[in-house]
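Here the structure comes first, spelled out in C-alpha cells, and everything after it is commentary.
Letters A, B and C name the chains as they come in the text, with residue numbers starting at 1 for each one.
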Amino acid sequence: MRWQNRARWVAVPLTLVILLFLLFPFFVMISTMIKSGPDVYADPPHWIPSHVEWSNFVTVWTQYDLASYFLASLIIALGATVLNTLLSVPAAYAVARLRFPGRKFAMYLLLMIEMFSPVIVIISLFKVVAGFHMLDSYGALIILDALFTVAFNTWMMNGYFKTIPKDIEEAALIDGCNRVQTMTRIMLPIAVPGLVTVMIYAFIFAWNEFLFALTFISSKAKMPLTIALYNFVGRWTTQWQYLTMAAFLALIPVLVLFYVIEKRLVAGLAGGAVKG
Amino acid sequence: MKKTLLLRLGVALLLVVALVGCAPKEKPKVTFFWALYDGLTEDFRASVEKAFNDQSKDAQVQIVPVKWDDMQNKLTTAVAGGTPPEVSVVGTRWILDFMSTNSVDEVSQYLSKATLDNINPAAEEAKVKGKLMGLPIAAGARILAINNDIAKDVPKTMEELEADAIKVNKPPKQYGLIMPGKSHTELTDFCYYFYAAGGNYFEVKADGSYGKCTVNSEAGVKALTFMQKLALKDKVVQPGFTSMTRMDSHPVFYSGKVGYVMIGAWVDSAMKQAGSKFPVTYASIPSFAGEKPAGLIITDSIAFFSKAKNLKAAGKFIDFFYQDAYKGKFDQLVGFPPVTLSAAKDQFWNTPLYQALNAAALTARPWPLVDNFDTLNNEVWKACEKVFQGQASPKDALDAAAAAVDKARGM
Amino acid sequence: MADVPLTLRQRIWNPEARLAYVLLLPTTLFLAAFMFYPIAYVFVMSFFKTNKLSDLTKFVGLGNFIDRFEDPEFWWACVRSLVWTATGVSVKFLAGMTIAILLNVKYRGRKAARMAFIIPWASSVPISALLWQWVYHPEFGLLNHTLKITGLWTNPPGWLGSPLPAFISTMWVDIWIGIPFFALVFLAGMQAIPVELYESGHMDGAGPVRAFFSITLAGLRELILISTLLSAIWTFNDFNVIYILTRAGPANTTNILITSVYIDAFTNLHFDWAAVQSVVTFLILSLVSVVYARFYFRQENS
C-alpha cells in the first residue's frame, strides 16, 4: 500500500519515543541490576554505576539456585498453557459456531467466573485442593492457572473465530469435512494470530502467577520464579540489585517465547482462501 | 471422528490426573513454615532440614521458606483451609487470633525439658494465663542509632532528641531524624513515641484481659502530636516521608544523610550491605521527660497448630533445632540476640550493638498480646497518615482509630 | 434452514448441540470441580457472620450488607473502584490501539519493537509493582532524579506520598502493565482484516484516517467489545498494584473495593465483610457485563 511507505516515516520515530517513555522502568531495572549494594543506595542516584557488578548474576544464579525455580515455572507455565488451550479452543468453537440451548448462558457463566479475583476465593480453593489431595503439587497450579484464564481465552478465541467468514467453513463442510475437522484444519490455521495471543496470555499468566504458588506450594523444589524473586525482599531490607537481576532473568523466557511465536501472530488470512 | 476427539480429550484429562500423582505413603511428615529473616541463607535452611532428616528414625521435616510479609497470608489460608503446618514462625501477636479459634496448642507439652529450661525467661512473651502458647525464636529490642559524622549528642529525653535533631538538620544535605510516614506491616514507629509517653494500648480489666482501646489517651495524643511537630513543623525528618515505609526510609540513614534513626538489630548488617562509611553509636530510645524508660521489644515465636497431624514429631524437630549448633547459627545469621541462655554466651554477641540492645531490652515493653492486633496496627497507621496528610488532628484521628478497634473487638 | 419450529427435545439433542456439549464438557467439569464451591461459599458467607477461620457462625440475612452500606468508607471504595476502572480501561484501550496501529506498519526492526512492547506485561504484577516502587522512591528513585537533572520537573512530588498523586501513580502502573495486552489483541485482530478491503477503500478515495475508522475499527468491533469488557473486570479487581505501592493509603485514599476485600479478609479477619464486598463487586461487574452482552449479542446478529 502506498501510504504504508509514508506511514513508516511517522511510525518509526513515534514508536521509538513511546518505547523510551514506556520502558523507563525497564531501564531502571537494567541500571540497578549491575550495581553493587552501596551503589544502589548512592545518594543522589545515578544511571551509570561506578563499576559494573557482574557478580550479581553469579550470586543470583548460584547462591539462590535460580535454575530450580526456572524449571518449576517452566513446567507450570507450559502445562497450564497446554491445558488451557485444550479447554478453551473447543469451548470457543462451540460458542462461536454451534447453536445449542444455553449458549448465551454458558458465555455469561464464563464471564461470571472472571469476576472473582483469586484473593476472594483463595481459602475455599485451598479446601478444594486439599480435598483432592493436590496440595504441594504441580497439578494444582497447572489446573488453577489454566482455569483462571479459560473464561477469557474462550471469549477471545470466540472473537477471533467470528472474524473468519462463514463461507470458508461452509465450503469445507460441503466438501465432506465434519465439524471438528473444520475446527482443527480450517479455522485454527486461519485464527492462528488469535490462538497465539491466547496461548501467550495463558503462558504469561501462569509464568507470573504468585498467590496460588504462595498458597499451595511447600516444597522448595516446586517453587516457581515468582516466589524466588521475593527472596530478595527481606523483612527489613530489600536487595534491589539482586531483585532486578532475577526479575530481568525471569523476563527472558517470555521474550524468547514471544520471539518464536511472533511470526505466527501476523500470519494473516491465507490470501485467496475465499476467492471465488 | 468424534471418538478420536473424545479420545484426545480423555488423554488430556488423564495427563492432568497423572500429574497430580498418587502420593506414596511415607514416614510421618512435619511441616515447618520458615520465615525468611534477612540474613538467613537457603543453604542454612537446607542444611537444617538435611541434618534432622538424616538423624531422624521416623519423622521427616519439610522446611518451607516463606517471605515475612506473606507469612500471615499463607498461614491464615492454610489454617482456615484446614491443613495447617505442624509448626510455624509467627509474630507473637498473631497467637491471640489463632487462640480465639482454638487453632494453636500450648507448646510445652511437645518440647523437652532441656529445651524449655534453656529459654531466657525474659523472652517468654507468649505466656497467656500461665500457658506458653509460643516458643520464642527471636526477640529484638529497638534502639536509637546515631550517625557520629553528623550528630554527637546522645539525647536522654524525647525533648532532647527533638532539639538534637533540629541542631543537625541542614536541608537538603542532611536531616535530623528518620520517620517513616507510610504504613507497613509493623506498628513500630508510632509505638516508640507512644511508649515513651507512658502510653498503653488497652485498658486492663480486673481479670487481666484487655478492654477498650486507649490509643487515644493523653499519651497517644501527646505522641502523635510530637510526631506531627517533628515532621511538619520542625521539618527535621527525611523529605518525602509520607511516601516512605520503614524499608524505604532506613536506607536514607545508611547513606549518611540523617543524624538519628530508631531501628533494630539489623542495623549493623544493613549498613555493611549499603556500604555505609560513617561511625555509629547506639543508645536506648529515650522517653519523654518525667516518664519511665520504656523502649519496644518485638518477639517472634514458634506456634504449634492443633489440627496438624504430627505434633509430637514436630516437638522433636524443634528440640533438635534449638541446639546451639543450629539455633546459635540461626541467631548469628539473623543478627538478633539469642533467646536461649546457652547461645547467648557466644563471643559473637559481645559488641557495642548488642550491649545497647541488651540494655534496651531491660526496660523495653512488648506489644499488647491481644486479638485483632492487625486491625489495631492498620487503624493506628491510618490515624498517623491522616495527621501527616493534614486531614485530621491527632486527637480526632486517634479517636477514630480507637473506635474502630473497639468495634472490631466487640468492646 | 427450515423454519419449522423444533421440539424441545430436538433443540437439546441434535447433532450440533451434542457436539457443543462434548466440546464444552472438559471445561465445565474442571470449573465445576474447582470453582463451584469457592464461588458459592462467597455468596453464602455474605449472609452469615463468620469467625476468624471464615467458618459460618450465625445467619444474619442482610445484616452484613446493611452494616457495610452504613459505612461511608464502603461507598468511597466503590466510587474509587469505578473511577479507577473507567480511567484505566480507557487509557489502556487508546494507548493499546495506537501502539497496535504503529506496530502494524512494515519496517525493519518491527519484530524487535513488538518484543519491546511486551515487556511491561512480561513480568509478574507484584514484581512490576515493586519495580515501580523503586522508580517512584523519593530519595533513590531514578524517576525524580531524571526529572530534576533534565529540568523537566524541578520539584517533582512524592508520587506515593499524598492522596491524589498516589491514586494517579498507582493507576498509571496498572495502565502500564495492561497496555501490551490491548496492543497484542488488536494487532492480532488487524491481521484478520482482508487487505482487499483497504485496497478497495483506497480506490474509493478514502484516506488513512477514513480507512481506520470504517475498516479497521469496524473489523475489530467484536474484539474491542470483548477486550474492554474483560479488561474492565480485571482492572476492577487489580489488587496487587495498589496494595504493594500504597497499602490502600495514605489514610485509605487509594482504597478500592478489591483492596478493601483483602484487608477485611486477611488483616481484620472479617471474612463476612469481605464476602459482602465481593458480592457487591460481582453485582457491579454483572451489570456492566449485561449491558455489554446486549451490545455484543445484538451486533452478533447483524
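Keep this in mind: a residue touches a chain if its C-beta (ideal position, glycine included) is under 8 Å from a C-beta of that chain, and two chains touch if they have at least 3 such contacts.
Predicted, not measured: the structure shown is a model, and the values here were computed from it.
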item: By number of C-beta contact pairs, the top two chains; value: A-C
item: Most remote chain, CA-based centroid, reference being subunit C; value: B
item: Chain centre separation (subunit A, subunit B; CA means) in Å; value: 36
item: Whole-Å gap between the CA centroids of subunit A and subunit C; value: 15
item: Junction residues of subunit C - those touching two or more other chains; value: 19, 26, 54, 139-140
item: Residues within subunit A bordering two or more other chains; value: 40-43, 86, 90, 123, 127, 132, 143, 180, 230, 233, 238
item: Subunit B: positions in contact with at least two other chains; value: 2, 5, 9, 12, 73, 76, 80, 251-252, 255
item: Subunit C-facing residues of subunit B, complex; value: 2, 5-6, 9, 12-13, 72-73, 76, 79-80, 97, 100-101, 103, 181-184, 238-244, 248, 251-252, 255, 372, 374-375, 377-378, 381-382, 385-386, 388-389, 391, 408
item: Of subunit A, residues touching subunit B in the complex; value: 36-43, 63-65, 79, 82-83, 86, 90, 122-123, 126-127, 130, 132-135, 137-140, 142-143, 178, 180-181, 214-215, 218-220, 223, 227, 230-231, 233-239
item: Touching residues on subunit C, where the partner in the complex is subunit A; value: 11-12, 16-17, 19-21, 23-24, 26-27, 30-31, 33-35, 37-39, 41-42, 54, 98-99, 102-103, 105-107, 111, 113-128, 130-132, 134-135, 139-143, 145-146, 176, 179, 181, 184-185, 187-189, 191-195, 198-199, 202, 207-208, 219, 222-223, 226-227, 229-230, 233-234, 237, 239-240, 258, 261-262, 265, 271, 274-275, 278, 281-282, 285-286, 289, 293, 297, 300
item: Contact footprint of subunit A on subunit B as seen in their complex; value: 1-2, 5, 9, 12, 16-17, 19-21, 23, 31, 35-39, 41-43, 46, 62, 64-70, 73-74, 76-78, 80-83, 85, 246-247, 250-252, 254-257, 264, 266, 270, 273-276
item: Subunit C-facing residues of subunit A, complex; value: 1-4, 7-8, 11-12, 14-15, 18-19, 22-26, 28-29, 31-32, 40-47, 86-88, 90-91, 93-95, 98-101, 103-104, 106-108, 111-117, 119-121, 123-125, 127-129, 132, 143-144, 146-147, 150, 152, 154-156, 158-160, 162-164, 179-180, 190-191, 193-194, 196-197, 200-201, 204, 207-210, 226, 229-230, 233, 238, 240, 243-244, 247, 250-251, 254-255, 258-259, 262, 265-269, 271
